[in-house]
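Report on one structure; see the data block that follows.
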Amino acid sequence: MEILLVQIFIPLIAALIILASGKTFVRGIAGAFSLVSLLITVYLYLNFTPDATTQFLVDLAWIPQFGIHFKAGVDGISMVLLVLTNLLIPIIVLSSFKQDVKDQQAFYALIFFMQSGLLIVFTALDAFLFYVGWEVALIPVYFICALWGGENRIKANLKFFIYTIAGSLLMLIAIIYLHLQTPGNSYDISEFYKLELDSVTQGWIFWAFFLAFAIKMPVFPFHTWQPDTYTEAPTAGTMLLAGIMLKMGIYGVIRWLIPIAPLGFQAWGETALILSVIGVIYASIIAFTQNDIKRLIAYSSIAHVGLISAGIFAWNVQGLQGAMIQMLNHGINVVGIFFIADIIIRRMNTRDLSLMGGIAKPAPMLAIAFLLVLLGTVALPLTNGFVGEFLLLMGIYNYNIWFAAIAGLTIILGAVYMLRMYQKVMFGQVNTNTSVFTDLDGTEKSVLLIISVLIIFIGVYPQPILNISEAAVINLLEQVNQKILVK
Amino acid sequence: MSISLFYFVAFLSIFFALLVIFAKNPVHSVLYLIVTFFTFTVHYILLNAQFLAIVNFIVYMGAIMVLFLFVLMLLNLNEGSMGSKSNLIKMIGVIAGMCLIITLVGSARVLTASEPLVLQTQELGLVKNLGKVLFSKFLLPFEVSSILLLSAMVGAVLLAKKEIKRA
Amino acid sequence: MENITQAIQGVPLNHYILLCTIIFSIGVIGVLIRRNAIVIFMSVELMLNAVNLLLTAFSVQHNDPSGQVFVFFIMALAAAEVAVGLAIIVMIFRNTNSTDVNILNKLKW
Amino acid sequence: MNALITLSVLAILVLYLGLYKAKNALLPVTLLGLGAALVLSILEWNSGAAPIYSGMMLFDNFAVAFTSICIVSTMLILLISKDYFEHISEHVAEYYTIILFALIGILIMVSFHNLSMLFIGIEIMSVSLYILAGIRKHDFKSNEAALKYFLMGAFSTGFLLLGITFLYGASASFDLSTIKEYVISNPRGISPLFYSGVTLMIIGLSFKIGAAPFHFWTPDVYEGSPTLITAFMSTVVKTASFAAFLRLFMVCFAPLHDFWMPSLLVISVLTLFIGNVTALYQHSFKRMLAFSSISHAGYMLFAIVALGPLSGNSVFVYATAYSIASIIAFAVLILVKRQTGSDNFESFNGLARKNPFIAFTLTVTMLSLAGIPLTAGFIGKFMMFSTALSEYHIIMVILAAVNAVIGIFYYLKVIVAMYFKSAERNEVQSSPYFNFVLGFSALITIIIGVYPGFISNFF
Amino acid sequence: MINLVWLIPLFPLLGFLINGLGRNMLSKTVVGFVGCLSVMASFAVSVGIFLELNSSETKSFIIPIFDWISAGTVKIPFSFLIDPLSALMLLIVTGIGFLIHVYSTGYMNHDAGFGKFFSYLNLFIFFMLLLVLGSNYVVMFIGWEGVGLCSYLLIGFWFSNTAYASAAKKAFIMNRIGDLGFLIAVFLIFTTFNSVEFANVFPQAANMVSGDSTLILITALLFVGAIGKSAQIPLFTWLPDAMAGPTPVSALIHAATMVTAGIYMIARSNILFTLAPETLAVVSIIGLATLLMAAAIAVSQTDIKKVLAYSTVSQLGYMFLGLGVGAYTGAFFHVITHAFFKALLFLGAGSVIHAMSNEQDMRNMGGLRKKLPLTFLTMMVGTIAIAGIPPFSGFFSKDEILAHVYEHNKVFWMIAVIGAMFTSFYMFRMMYLTFNGSFRGTTDQEHHLHESPASMTIPLIVLAVLSALGGLIGIPAVLGGGHWLENFLAPVFEVSKSKTNALTLDHTTEYVLMALSVTAALLSMLYAYVRYVKQGHIPANDRTDRGLLARLSYNKFYIDQVYHSFITRPLDTLSGFFYKTVDKAGIDGIVNGFGKGAVEASKSFRLLQTGMVGFYIFMMVAGILALLFYSMYKI
């Protein structure tokens, strides 16, 4: 029994069991299965040797006549994302326990279904498998967002769905094209790595992949679906989207885009980097004046992801390691902040910041948790965000000091809009809306406690996570750099 | 009798074909069409396709065209009972048709010189010869055409039969 | 009969093609410019006949009887088509009292 | 061949059953006969077929595969016809017969080896369809559909025939092998007649598959025809037409690829755009499906444009996926229309709440049609893209991707209506037949999507 | 003992955790006790370490704790550095911190957020200690940002007041602007020296040429960080606003410790700065400008804490001026003395405010001397110290700076002395307005007037003593002292010393300079006395017309307004523009445009389907013609 297969398909089985089970036990089953996934990840983590090799390899013939295999494996980069996924899913599941969700079975089943897709994306070593996982992860989240979302959910989600698919179709074309170029007509990633295409071809392959990933992340100027979708999605949906799903794009850049098209990257990487940096500033500035709490967070997420993306395109150890750890951090923070936003929105029945205020008084616990998550988000040292942003900025700095200086503005701008939000929500006089605000209840406390502990722990002792991916990242860097230098 | 017989008949074919489509009265159209088909029969004879000439005469002129006429009479469509298409559309139609001739002729390179048509075996178009081919090589299509006709028969009955509207 | 067929000897093949093309196109023009379904249908018959003649000419040229057999099949088709086609037209006439194709435009957009 | 004979006998038998008013036996007998035909045709798999009946037919694997899928689709469609025809009139047996006749034509089309068989096959199918389109005799729409289909079909037949004639004129034969010989050995240079013939064949066959600009009949006829017949037309008929198209071009015209490829390329792209873009703004689900079927024809044309060893397989998988999905879509449409009397998108509002199963199958269908992974439609599209890319038609594939995106837009409209819009409605009444067809088709769609291996390596 | 250095930050951290988690369960007594004890314990350890260091041969110890971040070549250990500079700073932080904790037990006694307050204070001490102890720039940066956070929390302690909350935000953001400079400097340091450890960086830097452009850039960026943290022009406006926090906070954070972090950092990096004379010039000019501007503003402020705040800014300006002219020891000396007297003044002001029932406007005070004798006395000590009147501590430290400035640039010195005059004036003005004359407050307030409890006055007394005698650690040679401080700190500034010229002023000049500055201070004290005691002048209320200069001073040179209209508002406008025009209408418009375009195309394509057979056939024929034409052309 391949443990990785178990890891990938446990959520799928969970989804089916949940669909088959009665309403009463749904939550219990969902919680249990999410924990099982987490435990398997822990097992994988413990048995993982942090070197550059791919471990827990699974390779099954799937559609052999096209050279398609179910080939998956875990290296350091994948491991971090496995941890991210299987860490956040229990939190997301737990966070939705208290909520009044209609059709719970469908809700949890979709979450688990998506989890399987995500795990495929993060472990796939076969381009076809990767693509399938890529799309499969999208369907459930579309349904989650559109079924349990807000008023304008249909329109917003349609845009989101179509936009992302549009990007990924380009990627599909590029994948098939690459497949046809490989000597043995294979979809194996290692065969893709070996390809030596001319730089023009690599250029368009770069763009085909980049568009898919850029839309998913999203990178400026492909981001406009995101604020609407985040705003309209239910909290679990937003958490899935922002916490895990957008990492698919980042992961894709690291695993697929740059190693496959190194010359394309050489030609266009700077453009991508510039777009990312513009996104950081642009989204931050927009976030200044947002009065919708979810929209504000959405824009902040664009800014943060822009930084991660910029770090990757800087293409050095610091940038990449920063991106790796920041993926995890961003996941944790954004899940936390959306959870908090949801708590507030549910109790206030509004997303309008101007109607809030003074919540810190009736809900001091919430205020503290919020503050902690916020600090993680604005990258205060000893919170997780700092480690990531520090390495990312350093990576960008190594690429070009000016980009670093501009991207670094995020630590100022981030503080500006985040604190503004905090102030508007938490500080000031209690008004009629907020006076009846109740503090955290049991579930909320436990969710936020987990998140807080993670924020602090990673901030204080990030090394276990950095160690996972370091060897793999360095290996990948060398591979690509060799190709770039050879030319 | 010379080669000009072909051109004379060809002229008649074209002439009556034009009359078919430009005649106002549908009944006239049918009649012109019958004449056109007759000129075709002459063509078949000229090509020594005797069997086809006979079949054309019987099936087309005899059966099919009568059916047309019959239906026209049955439906009692008067001359001009419906407005004809506007002149503009007619013009466009004619121009399109001309273009069609030009492109067809052009793409088949019809205007280049070509070898003259020579009847190599006199028996080619005779019933005997065709019958042999039809019942040996083309047996299957022949059998299968029966399905075509059966289907058409069932269909025609099904559609044309008056059915009392159910409530 | 003999001498009649002799007359044809020597007509270039291309002239047959030209003739058939013209008749065919006249059929097309008929379809284009007429509104009466029956006349349109007749124009289609004209097209089919042009094909028939052409096939025969080719058959003679290749000295191959299958062309003429094919004409036979086309005639079978014509018969079948006429049966069904007229049935349809009759059916419509029952409902609309017209055979004008232009009044049939409920289905659009 | 045995399948063909079985079907012919079956058709007559059904006609007689109708004569003796054995209404209840109709469906079982038909299905049984179809089942037998299916088995018989599958038995010919890999039998090393050579052309039979003086080279008239060739029951190779290609033919067997397409025969099977056509028969299976027909069976599925007939399964849901139980009470459908009885709503229309009392001549149920005749309807079955004519459908069977059409199926015979289709079988001939997918296994022809002589242009005369192609012609007769097409005509048997077409004539039957002209009739079927008009069986709602008192329904203006049905009348109109029948007449439009008939007039335009007859018109296009003229071109098809002219094409065959030209080919004959050039190659002196109707036999595919001989024509192929003619093209390859090229005795005196290929005659311009032959080229014109090829173009005219493209025109004639494009009409049958509903490719732009010969697609105009499709939406009107699909919309006007009784829904069940539309289902038949858009699945079995379309599949068969493609098989015929592909067969002809693969066997005979492959060496002339450079000549006809550009025209087909333009046709295929045009078809994609017209189908997809027009479908976007439709209010009627049925008409949307009609336009979507046009666009799918555009995708399937890819296999012919990029003719290669993969083409047959690609068309087969695509057609299978598309057919099965369409059957579900039309089946659900029948159910919904029966309840609400309308085939607009609004009729689907809130369906998921009352009929989760039906909604689920329709969702699978729409995702499949939209080409989302883990459904058969994705595999089909994937193979089409692969085929096209293997011939370096990158621009075309990108245009196709653009269209796929547009497609998603309107396929999602149904899903949105079913799941996200609420409406006061009752549960849609469904019969076990329907449920079986829906469930079976959805299952097949997913199975092909997840594990396409068993279907995608036929030839 | 030195190996136990990790205990120093640990105690306050524990205190923070205990108080933070138990703030609702523990009684105020326990909270206060825990809070004070934790700092006390740290202080004790610090003293121990100080003594050990003092007697030790080695003057620099690096104590690794654990590996913090490593990515590729970047290895950042979490480790502490003990050397004279940090040891002294530890004493100040923990010592004054302890006093202020004690004071707070009295001052905050009635506040509902007592537990929270103490936990924040402890957290602040923790971060401040990290800042001081860090053996590399990154650990220093942790503390650097951490204290910013605590400052934010404490300024916004009474968050119900929107203005206070805004002040907190402002402080944090302005700090962050500086932090960015710091951060980029760290990157630059890393790429230049391949390490961020002080122990690796400085020796390498020492080998570089003076005026090296990299060094200039590094130091300039570091200085940006210092500007933010230490409230210099142009980022000083947050500090006066920070007075929104409880007074002990102002004393601890915004006077004694955190704001001096910038000076500490520059002193720590003295080698880099010494080798970057251009930066030093900028430092001195900024310091000079700040000290003058802040002093000019302070003279017309009416809020007692605001006066002290501007005074702080001004004094920080002195320190930077000192750094700029290479008087590292002098600047650090001033840090120490300033910590004493400014903490004292703030706590005294707190005592006044406490007594006045939270009244801060001096126009409503007066005549408090009799009611608050102890406060008055101790504050007077502080005032004298800050005014630079010997033999109180401020005199020595300020004078050392002035001497260096004089040598460096005479004009600077002139301005600095004018600044000193202002200092003396506004400080005495404050004293007189507060304690002399008659009471101008409400009767209600008068009724409540009382001297503060012992928990508050004891720290005042201790600080007063320190303010008075603090100068003793740095009595210069010219006054017959050995300047213990200079000797103690010598290892830290050793390299810099060797690269710059030592002070060459002869004693006479020094005497003259001292005399001049003391005279200036006394003169302005006198003027203040005349104006506010003799003439009984009371500052006019807000609406009164003032002269141009007075108006500028009173309105803080309109800096806030300038920032508002040139930075905040344009940014907000830009934000709206980006959101509405660029994002919604522009980019999203394009994206939606594709959708709309498709739908519009659909609408028109749909019309092709006219329903007319004739038209359909026409279109078909058109298609046929096209294909045949192609075919004709192609053959």
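Order of writing sets the chain letters: A, B, C, D and E. Residues in each chain are counted from 1.
Methods note: a residue touches a chain if its C-beta (ideal position, glycine included) is under 8 Å from a C-beta of that chain, and two chains touch if they have at least 3 such contacts.
Keep in mind it's a predicted model, so treat the numbers as computed, not measured.
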| item | value |
| --- | --- |
| Chains touching both chain C and chain E | B, D |
| Starting at chain B, fewest touch steps before arriving at chain C | 1 |
| Chain whose Cα centroid lies nearest the overall Cα centroid | A |
| Leader among chain pairs (count of C-beta contacts) | B-C |
| Centroid-based (C-alpha) most distant chain relative to chain B | E |
| Whole-Å separation of chain centres (CA-atom averages), chain B against chain E | 102 |
| Chain A and chain D: spacing of chain centres that average the CA atoms, whole Å | 42 |
| Computed distance of Cα centres, chain E from chain A, in Å | 37 |
| Rounded Å distance between chain D and chain E, as computed from the means of their C-alpha atoms | 77 |
| Junction residues of chain C, two or more chains touched | 17, 24, 27-28, 31-32, 35, 41, 61, 66, 69, 73, 77, 80-81, 84, 88-89, 91, 101, 104-108 |
| Set of chain B residues in contact with two or more other chains | 85, 89, 92-93, 96, 100, 104, 107-109, 137-138, 141, 145, 148, 151-152, 155, 158-159 |
| Chain E residues counted as touching two or more neighbouring chains | 595, 606, 609, 611, 613-614, 617-618, 621-622, 624, 628, 631-632, 635 |
| Which pairs of chains touch, using the document's own definition | A-D, A-E, B-C, B-D, B-E, C-D, C-E, D-E |
| Touching residues (chain side chain D, partner chain A) in the complex | 367, 372-374, 378, 382, 385-386, 389-390, 394, 397-398, 401-402, 404-405, 408-409, 412, 416, 419-421, 451-453, 456-457 |
| Residue numbers on chain C that touch chain D, as the complex places them | 17, 24, 27-28, 31, 37, 40-41, 44, 47-48, 50-51, 54-55, 58, 61-62, 64, 66-67, 69-70, 73-74, 77, 80-81, 84-85, 88-89, 91-92, 95-96, 101, 104-108 |
| Of chain C, residues touching chain B in the complex | 1, 3-19, 21-30, 32-36, 38-39, 41-43, 45-46, 49, 52-53, 56-57, 59-61, 63, 65-66, 68-69, 71-73, 75-84, 86-91, 93-94, 98-100 |
| Residues on chain E engaged by chain A in the complex (per definition of touch) | 66-74, 116, 138, 141-146, 149, 152-153, 156, 159-162, 165-166, 168-169, 172-173, 176-177, 179-180, 183-184, 187-188, 190-191, 571-572, 574-576, 578-579, 582-583, 587-588, 591-592, 595 |
| Contact set on chain B toward chain C in their complex | 1-3, 5-7, 10, 13-14, 17-18, 20-21, 26, 29-30, 33, 36-37, 40, 43-52, 55-56, 59-60, 63-64, 67-68, 71-72, 74-75, 77, 81-85, 89-90, 92-94, 96-98, 100-101, 104-105, 108, 110-122, 124-125, 129-130, 133-134, 137-138, 141-142, 145, 148-149, 151-153, 155-160, 162 |
